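Letters A, B, C, D, E and F mark the chains in the order given here, with residues in each chain numbered from 1 onward.
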Amino acid sequence: MKINEIFSALDEVAPLKLSHDFQKMIDGYDNSGILASVDGDIKGIVFALDLTDACVEFAIKNGCNLIVTHHPAIYAPIKSIDGALRKCLNSGIGIVSMHLNVDCAKEGIDYHLAKALGGDNQKIVFDLDCGCGYGRVFDVDATINDIKNNYINIFKTENVMVFGDRDKKIKKIASFCGSGLDVKEIELASEADLYISSDIKHHVILYALERGKCVLCVSHYSSEVFGFKKYFENVKEKLNDTNCVFFENAQML
Amino acid sequence: MKINEIFSALDEVAPLKLSHDFQKMIDGYDNSGILASVDGDIKGIVFALDLTDACVEFAIKNGCNLIVTHHPAIYAPIKSIDGALRKCLNSGIGIVSMHLNVDCAKEGIDYHLAKALGGDNQKIVFDLDCGCGYGRVFDVDATINDIKNNYINIFKTENVMVFGDRDKKIKKIASFCGSGLDVKEIELASEADLYISSDIKHHVILYALERGKCVLCVSHYSSEVFGFKKYFENVKEKLNDTNCVFFENAQML
Amino acid sequence: MKINEIFSALDEVAPLKLSHDFQKMIDGYDNSGILASVDGDIKGIVFALDLTDACVEFAIKNGCNLIVTHHPAIYAPIKSIDGALRKCLNSGIGIVSMHLNVDCAKEGIDYHLAKALGGDNQKIVFDLDCGCGYGRVFDVDATINDIKNNYINIFKTENVMVFGDRDKKIKKIASFCGSGLDVKEIELASEADLYISSDIKHHVILYALERGKCVLCVSHYSSEVFGFKKYFENVKEKLNDTNCVFFENAQML
Amino acid sequence: MKINEIFSALDEVAPLKLSHDFQKMIDGYDNSGILASVDGDIKGIVFALDLTDACVEFAIKNGCNLIVTHHPAIYAPIKSIDGALRKCLNSGIGIVSMHLNVDCAKEGIDYHLAKALGGDNQKIVFDLDCGCGYGRVFDVDATINDIKNNYINIFKTENVMVFGDRDKKIKKIASFCGSGLDVKEIELASEADLYISSDIKHHVILYALERGKCVLCVSHYSSEVFGFKKYFENVKEKLNDTNCVFFENAQML
Amino acid sequence: MKINEIFSALDEVAPLKLSHDFQKMIDGYDNSGILASVDGDIKGIVFALDLTDACVEFAIKNGCNLIVTHHPAIYAPIKSIDGALRKCLNSGIGIVSMHLNVDCAKEGIDYHLAKALGGDNQKIVFDLDCGCGYGRVFDVDATINDIKNNYINIFKTENVMVFGDRDKKIKKIASFCGSGLDVKEIELASEADLYISSDIKHHVILYALERGKCVLCVSHYSSEVFGFKKYFENVKEKLNDTNCVFFENAQML
Amino acid sequence: MKINEIFSALDEVAPLKLSHDFQKMIDGYDNSGILASVDGDIKGIVFALDLTDACVEFAIKNGCNLIVTHHPAIYAPIKSIDGALRKCLNSGIGIVSMHLNVDCAKEGIDYHLAKALGGDNQKIVFDLDCGCGYGRVFDVDATINDIKNNYINIFKTENVMVFGDRDKKIKKIASFCGSGLDVKEIELASEADLYISSDIKHHVILYALERGKCVLCVSHYSSEVFGFKKYFENVKEKLNDTNCVFFENAQML
């Protein structure tokens, strides 16, 4: 298969258009899509959250010549080529990055983050229509401690911080995969008792606590790798003639 | 005592000039100083990391009419007055914020963060002369696990995340109180094996791990309240005729 | 009554929406609305063109805990709180500012400025529909000297300057309360023989005179306090259970 | 004489360098210098505060082919040529504008404004060395009313407004020709009891009155034409072989 | 005839509106229209690509008091008046510039450039409707050498450069009068084998050659004077009572 | 040899510092240096003016794994990797670009351009000291036609345009390799009779002709490849153990 056919399958599950729609909605930035093409046939695909040296070595060892990352392998525009990016290109490996579109997809990262925490009946915070969008609000009935322990068990990480009244009964959670929680999101999902996200800034946590809320700050990697693996499995099924493997970066969990 | 005399004592320990010098050095922003004055005598002073509703109530209950915060009570310029800030002003309480100058002071927050972790022989990363500046590099001989447990014991918080190879022997730590760790800081303190800071972004952690380093991400509050309390004790001694009390915000630890 | 009920009455006569509409029309700036709230009941209201020390003292003496100003008590965003603003907040007094919306209201400042000068049949220059908008053009039949003397008598001030041919017969006046006269306004109301406004720049006066027009430059305060008092009287009637008093600043006339 | 020789004489009394120095000091803008040259001999020179149609006609009638204005005949850069500027060029008349340099000159406009009001012993507010600079502070002993009447008599205009306590005894005046009074100037000349300038904005007058000061707001033209005529007389003497005449614009007084 | 009647005739053939439409389409800049008016009757008109000293002298010698240029006589806004522009104004000669509108007109410069090269059946690249717009694509059947020689013969210039495979058979040409060829235009007219334009940058030529295309870079003057003369002839016919002459600048060919 | 040793040799002849110095002098932009590194030994080096597909194929065929270009292979920062750049990286070939530093070097491109045209006694226009800098002025005694024919013979191209009086005697030439001639350069080298450069804009040619000057506009490639080949020969000698070959792009001449 050629890279364009592969890309069609990737796009079918998480259309690139979702990234453009979400950028427009929040006046944001992304660089998803084919970042480096491959001329010949795709012999195998590695999926990974980030393009790293170990990930490229893993692709070479597995005979793959395409890496699909979640975080754009080039984010801010660059003036020279080095590190894992150069290693990747020197090895003739192509790169596709699927970022905000996978965050927002119908069965994307944000959907799976909420679902794993028990959120079957989800409301979408930044709603792009058709079940797509960023941020989820959903019902639970638990203490923060229960939710923290659930997170540790399901997402296989101990990198979890709790802020707020530990005895508070949580009825509604608002979750945002990656680093998407700011004051604006707290306002948009003000019905929640608990906010879950990553890389949360001090003044944002304080803002939530001043309003009687709690915050669960989890590692960025753990909040996204779970859903990105679901995406991988979904695409793998569509491309069942192509070797698809997932690269784990356990030290980032 | 009048507010200007109080301010002199505060400034003696952590001169406002340090904030201006550090802003110039990193092309940064701060809003330290007297943010709201008091006409009469200062009857008592509350020290707190942040201006919150509970903190203002605490000041009223303790008969204090001045609050000294670490984080500026007004950061981005404002167009109306509400929340804890209005409550504070409505109660006739003045506000002084001492931020980057306390971070950088000779015996400031960064100094005490490093010292508590065993860093007696500190090198300053952003050096403002005379033992002042931001960021510290120092020698240790421990595993990350030891360091994590030390942090939990000394700083009285469980909100600590570990990234990188858990078995790595750590010889040098670079610590930055608050949210001061970015790619530039990793480069400036490239001799460190472990970086300690707060609110660290995913790509910064990844950058460190790609270079074989480890990262300890601790809660912002815990990384600063420890040193700010030392500042409080230092100032309290100088103002021994004035009632000085410390306000704890345990839910942010 | 609570502040929100008071604000409803203020807004009914001069809807805040007019400020937003006018800002959009001229790509301008304003900061009208509730700038500092009050938790308890409103015991009395002072109306004043500007927030000054004397005005706050007047409010305290009259047992009022709300001041409604015309000019925004905070205009450019601020980083600390001092002067009359701090005195006001320290005294537990709330602040509402009603600026461009009162300029443009159906029976607002600009309407009353023109009406007092004999302009019953007014054309609106910046027309926001429904009889609202900024700037008025209307018919008269007088010499400039007559108009100047009228102004002095009606608006109770001697702070009036005359530019242009003193013998000219005036058939049409264009008036703009406050400092709203620039080259653009002269063009938009080019049928006028005489322009009346405040704080007019030299090159704007010259531009009018080069086209054979005359200019009456009156004190900013006098051009607005007249109409703002009409607004006060209008609102006072609606709030007849609340003590409403007007604060005069005679030295600014 | 050629235009360059004329310019040398103009520059000797009020060096263009002063304009550049003052622009740099206040981060300001000016467009002084030769704005349109003349190829042949200069047959006569008209001096005027502003380039107007009547001024060009006056030059033609007087056989002059050079106009020296105070305010730049082109201020903001232009994309087409019309009005008095085109009339001037079509008549083969050259243009020199001498603005901030004449304001700031040793015996410039600001110097003569202060001197005429009795300010022999002047302090310069924006000091460019050698007795040059903008703004003057000087001693008097009079009521505002006396000063107002003096102004009316000396500067031959009734366009004068008074703000503040009319009974106040004035010991020190700060004067700024043209529209140069803002909050910053009040602070720099805070020892003054009375500020004199033109086109003063409402909030600047208010700022002065809040600090117990008085303000005399005079017409821009009257505050400058007096000193510019002194400049004219000074230059005329140096160019005693060239016909130099002054154009008055009485309607702007 | 007055200048406004002349302008109507000029505008009828190449409506100013086309300049505004094209500026909006490409987010571009122009300064077409009457740049300096004439009060009396127009005695004669000189048409020229650019306003130069020689062109003004030519107008004087021919008793003309209006010059119609293609390139705006004032492009970037100006702060003083000198050179040919001053000479022109000093001689009482008015200026009209007709730039992007003549480029884009139905029978404008771009139309005639393509037509002279055999392009009867033209496709418009930037299509402004009604046969107007910028850039033309058309069919030919020739070698580059033939086309180059054609250009030299028809446009009377030897200032022609050829880039690319000299033996290539050309089936389609894309032409852009003046300096309008950039990477974007190559993409928009990607069906062409040969691009013709002026002042082409090195990286643009390289971009075309990398895609197997050829480039003919001709002098800016020659690519436009041909079509501007057609415009002149067209207007001259409409103004058959007014003396219309064309000024050639042979050294720019 | 490793890439760093190769770079040292390249830098010795044309120090990167010259690019930074010249950027600072003219407030310009460049992206010279190692743009993509090579891990192993350098087996051979191709020198070329630009990175093109044919150039990469040439490198592969010649067993080279480093390409040294004059024009930066990445100029504006990029967000994806394609075309010749990707082909180059996929083939494991490194990239060094040496741009403004080779233009300005002591025996750099500008030096050789002038020398070939007979300019032994050169004055540097943008002088960076030590015989380095951009732009040269030098003496000749010839007609433009002679100079044009010289250029055609020496630089092996017919892509040359002549503007101005063809009969003029040329005593002084100012030459600027690449596209470096603008109005500012004409002013800085106003003693020249003839300006030689590439990609010259219409209004710049016109500006020169209005001042009685002539202009020779040559193809960008021809004005630089001559001097870049001299740089290649110079470096080749220093690296006599490494295979160095030059790639010609004849269609750009």
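Note that a residue touches a chain if its C-beta (ideal position, glycine included) is under 8 Å from a C-beta of that chain, and two chains touch if they have at least 3 such contacts.
Because the structure is predicted, anything quoted here is derived from the model rather than measured.
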| item | value |
| --- | --- |
| Where chain C and chain E overlap in contact partners, by chain label | D |
| Smallest number of contact steps required from chain A to reach chain C | 2 |
| Pair of chains joined by more contacts [C-beta pairs], A-F or E-F | E-F |
| Whole-Å gap separating chain D and chain F, where each centre is the average of the chain's CA atoms | 54 |
| Chain centre separation (chain A, chain F; CA means) in Å | 47 |
| Cα-centroid distance, chain A relative to chain B, in whole angstrom | 32 |
| Interface hub residues of chain C, defined as touching at least two other chains | none |
| Chain-level touch network, classified as line, ring, star, complete or other | ring |
| In the complex with chain F, residue positions of chain A that touch it | 31, 33-37, 74, 76-82, 86, 89-90, 92 |
| Touch list for chain F against partner chain E, complex | 50, 52-53, 71, 75, 83-84, 158-165, 178-179, 198-203, 205-206, 209-210, 217, 219-221, 251-252 |
